[in-house]
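Before anything else, here is the set of structures, which you'll find just below.
One chain, subunit A, links the two complexes that follow: it is found with subunit B in the first and with subunit C in the second.
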Partner chain A sequence: MPPSANLNLPSRPLRLLGGAGIAIGIAAVVALVFWSIIVAAADEPVSARSPVDIPHLLRMTSIQAGLTTILSIAVGIALAWALNRLRFPGRSLVVGLFAAAIVTPGLVVAFGLLSVWGRAGWASQLAILLTGEPLGVSIFGLGGILAAHVILDGALAARILLARLDAIPAARLKTGQSLELSPWQRFRIIDWPAISGTIPGLAALIFLLAFTSFPIVLLLGGGPANQTLEVAIYAAVRLDFDLYGAVLLALVQVTVCAAIVLAASALTPVPPSLGPSQGQKWGDRGAAHLLQWSVLLLALAAFALPLLSVLINGFGEALWSVVARQSFWQATGTSLLLATLSAALALVLALGVAQARAATARPLLRTGIGAPSYAYLAVPSVVLALGFFLLVRSFGINPAHAAPFVVVLANALLALPFAVATLAPPFDAISHSRGRLIRSLGISGRRQFLSVEWPLVAPEAGVVVALSFCFSLGDLGVISLFGTQDFTTLPLLMVRSLGSYRTNDAAAIAALMLVLTLLAFVLLPRLFSRFADARP
Partner chain B sequence: MLVLDRVTFAYPGQSVPYDFSLQAEPGEVTAVTGASGSGKSTLLDLIAGFLLPSAGSIRLGDTDLLPLPPEARPVSVLFQSETLFDHLSAAHNVALGLPSRLPRRKAAEQVRQALAEVGLPELGEQPAATLSGGQKQRVALARTLLRARPVLLLDEPFSALDDETRGTTRNLVKSLTEQQNWVTLLVSHHSEDVAAMARRRYHNTENRLLLS
Partner chain C sequence: MVNLSRLALAVGLVAAALPAAAEEVPMLRVFTYDSFATEWGPGPALKAGFEEDCDCIVEFTTADDAISTLRRVQLEGETTEADLVVGLDTAIAGEARATGLFAPHGLELDHLDLPYPWTDPLFVPFDYGYFAYVYNTEELPDPPASFEELIALPDDFKIVIQDPRSSTPGLGHVLWIEAAYGDRSSEIWEGLAPHVLTVTRGWSEAYNLFLSGEADMVLSYTTSPAYHAIAEDDDRYAAASFEEGHVAQIEVAGILASSDKQALARDFLAYLTSVEAQKIIPTTNWMYPVIDLEDELPAAFAELPKPETVLSIDEEAITANSRDWAAAALAALR
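Our next item is the complex of A and B:
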């Protein structure tokens, strides 16, 4: 007789095998990327090495990431508080707009800020109209970088914290209301305990996003004084041809990011998905109410104005000259194809990992299958691209030939942490709560997936595809190293247009990218929800 | 007849192992009573195959159930809660009791009949999450009907139901047991349920089953 064993979870060896295969494959890619980076650094002749001011770059990157984190969390708390209390027509649209921050390309936001606050921007034109003098504020430098980051990351923080506030049990609110708590008491006693656990993990995520930010610093940095590690790596490879410097910087960046990821994993995790907000009738009055409206309007202006300027400037006359160019259609086609393939690959990999994790209760096996997917949080896109670049070259393959495959793979891998974090909870939930039922009904394999799991995870799969698609569509980090004249995406075309002072072209491309991103973010999850109709 | 003979099982760290012996006849409800935590659900998990005993035998007629994995055992289980997949419709949940290769139209017809048999002909398209506790148990019973397994295990299935629903669901289970000739094993600490349904009763005391 075999020893007593708990058989609560269905035994699914094929799922485990598939998940383990994916995990090993992902880990192998990470290892190969690092190996190629380290080998390249060792092989580089000393004469070719140029001095790199790592302490300065590390200091600048940390300062901007640290300030971004503090400001974004503060903005996020204030905005989530205001949105949680206020009820008005179109509220869900506003909440959706802030939710879209996670996928809005940094390049587009930076360009939008330039359109509003730049030398010839809206604000300056208004100042000239009112005072006869242009606005004396420069958007370039640390201020501009912080503004762009806080717009994106503050909105992301607000959406995540709002989900926590909206999830406060009704009974707790009723108790607070019956005790006539003041707005401040309510925040301290009811709201703060609900959100405080999320803040450390959220702060770590925002720090990581800001630390590895590439397009915003590239566009708004305004010179070497504000250069960050990520941009310095790009400059070392593409502009200075200093491979040794790039490798050194990449190693520093990965080490710091890995430390942040490790610290973040010890803190409370960020909620994996953006759930719908719940209705709540207890609003504040008086000064608190006024303050909430002020916060909301200010945030809306800060977030929506740059995007609005992108759309207005982009959909003017410039659009027609851009769409008449073959290079634009080539870049659009390439972007859409790469984004579709990256999203499909990210979905398949994340499904494999999530299913395998849910098929076992052994903590070590679950960690072993899941952990490699999260490794890419510690590997910034430019570093990953550099690793692939070196790897491809070491195999004697022309990087230009490998570019399409590498860009698809790299973008899928970069989206994987978000994809696994979104898909794993519903698979785990089914496994834990209905594992015995599934087993007793004898449901397995294709039937288990199509009949039971897919109807539950399809909307989440839609979110994964939308996120991955939008990440890839807005990517500049990977394509910046692999792009060529014949292999160009929309973000790269936009940067090239800016580089050759064709600002109108860049505006039109930015507007199209924004529309494509928002459409994908809104429509893809809905499309997948329609597919949720299960077959018995 | 379902026969458990000296089925022994202990959780890690448990000093006195469970030692279950029991006989249950087809066409009637056999009840197992006992205090909370006395091992009643463990008994059902052993029969369903979710737990493996360290000694003893479990047989249905001439068939030894122990070598069989849970999905291959001739057993349906009605849990106290989580009997349905909340994100699927009632009909979809019932259809999971049918073989997957059955043509769609035939499957839909059988599902409709099964739902009618448990008194819920009009609720097929309703999401399971929106059903009441009693309706959920009835939908699970409809699925059990389609699975047509000779043993039905009931793990405190009426605990969450109000008195009226409890009575009708109890009657439904009893009449289906008689009609289908099921070996039905009811685990409950509600004496009223046991008195209304069971012909044979065991009481679980000091990790053993005593016929009462």
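Our next item is the complex of A and C:
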């Protein structure tokens, strides 16, 4: 059905144009990146190619990502179930902690995990204290990768599923309560239908995150047996300088990811819904209640302990020497500025895409507008870095001068998949429920946004800004080839300290970054909700 | 917000001021790796030292590490703005030479004190060290004295190494085993496999894992213990001397043929090998200086044991085979 014939939706050609422009723009950037690398590859003599066993890598990466997905969804369902039923002081703080999982820098989580579960970690020291024997578990290898991924992605899954459970209408719960459903019946009859629609999209998102995971896999992988395609691409660019090989590998990865993105976008979109959760008053009793507490405490231990260890390791003597340095404040200023700019850009892009998607009912157009937003999840960052570098140079710009702009763009694109997934569902819901009314009243697009949409989506917009801000804050990203000494971000400063034997400084910076991330993640959405409430 | 806008202004001003300054005073642009130019590295002191006499401005442009530095030069080719590359090493010098982008340095380097005599017409050495496993003497009073002794230890004796595809020490480790064992290398790698805790992307992740107690030894340099002794007043760390001998990593600098400041670049290289500049190197880059500093070498360096046997592989052999050797090493670990 052509959009003009759809009487349920107001005609919004500008929105469609804007959304299409963003989608085409992103697709063009990705295409230009690949093109510029292929052009550069043509200038290089064909060097020796190190053999890359693509099927083997695909198999290993898929096994790892598949296991991560299954485990994260299972953990996410259990944790969401427990959090939905339990009432306790500080519940919203705990929920916020899980929500922040996804933006915590991967390397920080990996080192936190090590100081709890490593050979010299807390768990092992406790075991020595209790039994005299160190803990015989190794955190390295597939197990370590899965543990780190499940901590990050399981918490994300829990937060998203919790939002679905918390949104179950009170009437439905009352009926269930009066029928005296057992905890199991309640889960099967009331909870499961509320969350089952979200699971495919969520699974796709987690699969993509695990499929392209990089720092965790390298650090905890234990060696070349556990590698992702992303690692092989990194090696092709860096050591072998095999640009054709890198492009080929990157295209394989993009193809796999695109298939997953397209499959997932045909299904229901995943609304991250990371705002405050309401909860409900009907708690379970007996064994189920006990089980819920155990699930929650286990999850808290698994997730909070590594982060706590980052804080404890960081807040030592080195903290004062770090804070006393001018370079630290310079890096903090740069990071905050970049994070603010890329959050603003991500919000604008996501609003454009979400509005355009909601303005049409044609599935193909909706997919076409939405799918390019996922580009950054699929295109390896080393390929993006190289491509951006070559592009900037081919425009005759000094890479050092272009670095801040490239970082802002790259960080905005990094957050875009989550931003679109957060903003698209509410916009869709508004055009479903009020599209006909808006059309019949002849409200302009601008008024529609300011009076109808913005007040309703402002809390989600706050989440988008917080997400993008935190992603940008922790990103090491694409500037490895651009760098000058004048341009330093906090993560870059952390890595530089590590590279100069200054591990204590690095630990202090990691802790400060974590505090900043958590703070931004708690405060920014509240700020935006207040904006929305202040409106009549 | 005031600070942010002030920062934005400052960034803008710096960007605007750079080209203007370049016209008045010649600007020497140096490509180097990141840790060389950080506030703790030798970069700032070398810049200040050279600028005193050169009537020029030294600007560092950085990439992650030595390999990325070479990659960036290769990508930019003759259109590069850089005049010099500082921080390649003997393992990638052959590849750098083959690009044809470097010009002869034309310096007399007879005064150098290196593991072997230096005759390279393109590259000038500025520091060196030997690859070695570093350990904590309190935790490990009796370290292995050869690869074979290391292999014979129980499997729970762990080492951390770096990926030869992304890290210079990682590649140096491959060359070390190749130089010591040749055809038997794959046997050594297979023997090492159960001891390898993990293979990291770069030196810093590996060293951090070692310091946090995850592994008994880490692949680093014989000079690493000097950092702990001097900067942290901690003399628990030592490098294990291996009977097979050790491979040296010599870090080098070269002038780009495309530079229009050949004479200035040559002056910088001459300065880099002067006593004044070499005194900066040990306590900033934590490597040996390339000239004999005699009493000026910090005691912690002078006390470090130097390997009895220095192994080396010809540059042509490295350039021709290093990929295959790295692939074979990784295959053995898989």
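As a convention for this text, the second predicted complex is superposed on the first by the 341 of 536 C-alpha atoms of A that agree within 3 Å, B and C clash if a C-alpha of one lies under 4 Å from a C-alpha of the other, contacts with A are read in each partner's own complex, and residues count from 1 in each chain.
Please note the rule applied: a contact is a pair of C-beta atoms (placed from the backbone, for glycine too) under 8 Å apart; a residue touches a chain by one contact, two chains touch by 3 or more.
Keep in mind that this is a model prediction, so the values were computed, not measured.
More residues of subunit A lie in contact with C than with the other chain of the pair subunit B and subunit C. In the superposition on chain A, contact of A:G66 is made with neither subunit B nor subunit C. After overlaying the two complexes on the shared chain, residue contacts for A:D486 are found with subunit C alone; subunit B is out of touch. Contacts of A:T334 after superposition: subunit C is touched, whereas subunit B is not reached. By the touch criterion defined above, A:G118 lies against subunit C but remains apart from subunit B after alignment on the C-alpha atoms of chain A.
By the document's definition of touching, of the two partners only subunit B reaches A:S440; subunit C does not. Contacts of A:N398 after superposition on the shared chain: subunit C is touched, whereas subunit B is not.
For subunit A in complex with subunit B, the residues that touch the partner chain are 1-8, 11, 430, 433-434, 436-437, 439-444, 447, 451-452, 455-456, 534, 536. Those residues of subunit A that touch subunit C in the complex are listed here as 40, 43-44, 48, 50-51, 111, 114-115, 118-120, 140, 215, 218-225, 234-235, 237-241, 325, 327, 333-334, 336-337, 340, 386, 389-390, 393, 398, 400-401, 404, 480-481, 483-486, 495-496, 498-503, 506.
Those residues of subunit B whose C-beta lies close enough to touch subunit A in the complex are 9-11, 48-55, 66, 69-72, 75-77, 79, 82-83, 85, 87-88, 91-92, 95-98, 100, 104, 107, 111, 143, 147. Every residue of subunit C that touches subunit A in the complex is listed here, in rising order: 3-4, 7-8, 11, 14-15, 34-35, 37-41, 43, 59-64, 67-68, 71-72, 74-77, 79, 81, 158, 163-166, 171, 193, 196-205, 207-209, 211-215, 224, 227-228, 231, 286, 323-324, 326-327, 330-331, 333-334.
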